[in-house]
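Heads up, there are several structures right after this.
In what follows, chain A forms one complex with chain B and a second complex with chain C.
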Partner chain A sequence: MSEIKKIKNLKEFSTSADRFEGANLLCPGCAHSIIVREVLNATNDDLVLAASTGCLEVCTAVYPYTSWDASWIHIGFENSSTAVAGAEAMYNALKRKGRLPQPDRTPKFVAFAGDGASYDIGFQWISGCFERGHDMMYVVLDNEVYANTGGQRSSSTPVGSSTTTAPAGRVSYGEKKEKKDMMSIMAAHHAPYVAQVAPNKWKDMVKKIQRGFNTVGPVFINAVSPCTTEWKFDPADTMMLTDLSTDSLVFPLYEIIDNKELNITYRPKNVVPVIDYLGAQGRFKHLFKPENKHILDGWQKRVDDNWDYLQRREEARV
Partner chain B sequence: MANKGWDEFDAGAILFSFNDKVDNIATTLAEDRPYSPSNSFTASVGDWRIEKPIFNKDYCIDCQFCWIYCPDVSIIARDKKMIGIDFDHCKGCGICVEVCPTNPKSLLMFDEHKDDDECLAGWPEKDEKEK
Partner chain C sequence: MADKMDLLDVEVWDGNMAASQAMRQAQIDVVAAYPITPSTPVVENYAGFLANGYIDGEFVMVESEHAAMSGCIGAAAAGGRVATATSSQGFDLMVETLYQASGMRLPIILNVVNRALAAPLNVNGDHSDMYLGRDSGWIQFNAYNAQDAYDLNLIAFRVAEDHKVRLPAMIHQDGFMTSHTAEGVLTLSDDDAYNFIGDYKPMNAMLDFEKPATYGVQTEEDWHFEHKARQHNDLMTKVNPVIQEVFDAFEKETGRKFDFVTNHNLDDADVAIVAMGTTVDTAMLVADQLREEGKKVGVLGLRVIRPFPFEKLAAALSNVKAVCCMDRSAPGGTVGMLYNEICGAMYNSANHPVITGYVYGLGGRDMTVEYLKGIFADGEANAAAGKPTTPLQQFIGVRGPKLNFL
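Then we have the complex of A and B:
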């Protein structure tokens, strides 16, 4: 096990040398790169990275440029998890045979994918990786929509969101299905560590990432990533939106260890009503019409129920 | 690199991030890295900006919120101090200004074509709290 990078405060963290470069083509104000930077800067070890097709992949590897200062693999939409798992299996095989050129280096294996690539398209592949128990980390950049291809709904899209394939209008209030509970699904694989993070709570995030890096076995991280283009808000408000998502408990920050122990890692001092979170985004603006009042009430009830459930589960230690 | 089309490139070619071998990239700062022309560090997205952030170091408390929340690695922090903005990579999103906690803010957005000294001369005074 390698040494854990010491990050006591933000000043100390800011001495990190970024391994993710600027002049990528992500939208101004995109939270993807904030999350990627926080993950990469959390360790000083070598990294083997993979990215599924999605905003992050198409924007950071535009010919003839690469934005990654680490080994980086892209294969297909569904298989960033298997790409990294294959690299990890090869690393272990070479290590066993004593053929590594620098055996004292301990690379970390990380896969990045959007919610479409994780919740829908790559689900079977992730499930396989977690079942086989590779020593890797899987980071979902959860922006709740297929943002790269023009805003189609994914199974992460929440109720009432207007997307191009579930548009809101005269007869519909937008997406009708509830968001898939990926955290519970991944925890049910008996993964050693499953956590939900948000880039605005950087200390909580770095702590979880470092814990993930030092866990042997597959680690699942779900990171909320506000999308200025598809959530329809001003690029400067990305951090405000992330604050609202964590403080309204729409994205509660918690971790599940071995599917046994659930810890809530952030309890907002002042819980914000969910309508503040919904009202800040253009994709929910039709919900504020009088005929859609029941959707708003349903939202608040669902968030409250989920928070109750998490608290009960934390207390019961199951 | 810029003059070479996609069909003139060798099949199976690798784009290297660096020209030389870097021993430990995680502890090598940007100025010491041998960037290759295929690293996006050598490219610029500065022309995306409509407004630019201007940094006034008189009010900065080096909290580094702008550094951590910058999506484009454009806030240059060295030795725990914020020393400036990388205008080659800044897309002008304005997150740094939103997260700046000082009063008045030590980062503000100005029109891209406005002169820097002019921006600094017209910096707002401290806001008194309403009682």
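Then we have the complex of A and C:
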């Protein structure tokens, strides 16, 4: 196993490696790039990366340019998981046959994909990879919407969000269905490590990514990725929005080990009301009309219930 | 190291076993596969070889054919020898990734055991799946029998992986008629077969960390056309010389001669049947019988479907007066692919035979000696008249009133 990279402070961390270049076409303030850098900077090992079709992919490998100074592949919308799984299989084959170009290296295999690519269209591919137990990490850039194609709903879109395919209108408050619980679903694959991360809590994130890299088998990471364009907030406020997402407990930070042990990894000192998080985003604006008060109440209750549930599981060590 | 297998000079294999054995001998690094009738035995045979120590590569049993080809693409980009097999609906499900594989210039080998497409569901052989992938940018070889399936696999690896080519290749064989019919197959020893294919020579391998590669980029109106045009250019100009080279090397090694088209007594023939798959063998048998009756008939088998051998085909048909094109796929509102492409090949050639089309054998319906005699008879009438004496498109062997079009 390779040595774990030591990281002293944020400045050093954020400039420690440039395998993902700042030169890319993502929107100013896009959290995708921050998450990717935090994942890549967590290790000095070589990388074999894949991306599903989506904002990250279309903005970082536009011929004749590439933002990736590491091996990288994009096949389609649904199959970045299987792309790295195939590469990992090749690594194992060539290792056994003594044909690796650099036999002493210990590469990490990582797939990045949006929530649409993961919760929806690529779900089967991820499930297959996790069942087979490839030694890989799968990172969801969860912005709760099909951002690349202009803001259609995904099964990660939360209740009340207005998207182009479930818009708020005169007789609709937008999305009716609750967000899919991918964390539980992936843990139920008996994955050795499943974690939710947020780019504002970088120490927590690096710890989890490093743990993931040192885990043998498939690792699932769900990263909250505020999208200035589709969530509708000022590009300068990405980190403020991320703070609201973690501190309102809408995106609680926790990990599940072997589907047996749940640990909450961040407890906000001051929990902020969910309406502060919702109110900071244009996609929820209509919820603040009087007739939608019950939706706001429902939101707070769901978040409270989930936090209770996570705490009960943590306490019970299950 | 994988164990070697002692093969007899002639083994009794069906087409699936022939393909599986060639895959084993190629010492593939990664096979990602998913079973579907009638190609399932390829995957099962391979799993059996693995279980008994004859394979030292990775065998990934994925959850769908789309994932099978996705895994093959990831593996091939990583830098090693890759192959798989499928049929029918599995091929359908792969289609998205077929274009991605060829667009990334990854030399993956795909055995396609041809089968009909639902609905209605049908497990038997026709060429609907083959036709679906015809524009996918893959090199496509056509086996008429189990021996071909074996030989063409060995040939396909060497062609596809050649650095002048770097394109994926399919080997088509007829579902059940070839895949499940045991025949005598002349073999190469494991060493001879492997040496014929040669070691895999990586290019832009993702696992070469000194030279990281980006695969599967975005191109819009500024570059997409150039990429596709370049790929087409290579298919049209670079692939055939390599195929010829490998056909020649194979003949030297085994004495078995392949050509882009199979020319069976065409040089002095008035009538030619053009076909693919097992129908080529049956048509040659019928042509030989008719020759004994003094009829000047011959057969053209299409050995290399892509790149389509326009010139070789036109040359082989340069003296015939009538051509009967046999399409084993529902044409869906137009003429069959063979009819279409043979018209295209002949239109600007010096010879302008009368060309008619036949749709036959859908869902595994037999193509019999009697039917073929009838088709040759049509061709003779067309040749004598110098114009079509039948409709341009006839359905052969379908129940109910005769279906003719055009």
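By definition in this document, the second predicted complex is superposed on the first by the 313 of 318 C-alpha atoms of A that agree within 3 Å, B and C clash if a C-alpha of one lies under 4 Å from a C-alpha of the other, contacts with A are read in each partner's own complex, and residues count from 1 in each chain.
One rule holds for everything that comes next: a contact is a pair of C-beta atoms (placed from the backbone, for glycine too) under 8 Å apart; a residue touches a chain by one contact, two chains touch by 3 or more.
Please read all numbers here as calculations on a predicted model, not as lab measurements.
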Partner chain(s) touched by A:L26 [first = chain B, second = chain C, both, neither]: first
Touching partner for A:V58 - first (chain B), second (chain C), both, neither: second
Contacts of A:V48 with chain B and chain C, given as first, second, both or neither: second
Touching partner for A:V272 - first (chain B), second (chain C), both, neither: neither
Touched partner set for A:T15, first chain B, second chain C, both or neither: first
Contacts of A:P101 with chain B and chain C, given as first, second, both or neither: second
First (chain B), second (chain C), both or neither touched by A:I4: neither
First (chain B), second (chain C), both or neither touched by A:M239: first
Touching partner for A:V84 - first (chain B), second (chain C), both, neither: second
Contact residues of chain A, present in both the chain B and the chain C interface: 46, 62-64, 66, 68-70
Touch list for chain C against partner chain A, complex: 29-30, 32, 56-58, 60-64, 66-67, 70-80, 82, 96-97, 100, 202, 205-210, 212-219, 223, 227
Chain A partner contacts - residues on chain B that touch it in the complex: 1-2, 4, 6, 9, 15, 17-18, 24-30, 33, 37-45, 48, 62-65, 67-74, 77-80, 82, 86, 88-95, 97-99
Residues of chain A touching chain C in the complex: 46, 48, 50, 57-58, 61-64, 66, 68-76, 78-79, 82-87, 89-94, 96-97, 99-102, 105, 107, 124-125, 127-128, 131-132
Contacting residues of chain A [partner chain B, same complex]: 10-26, 28-34, 37-38, 43-46, 60, 62-70, 199-200, 202, 234-240
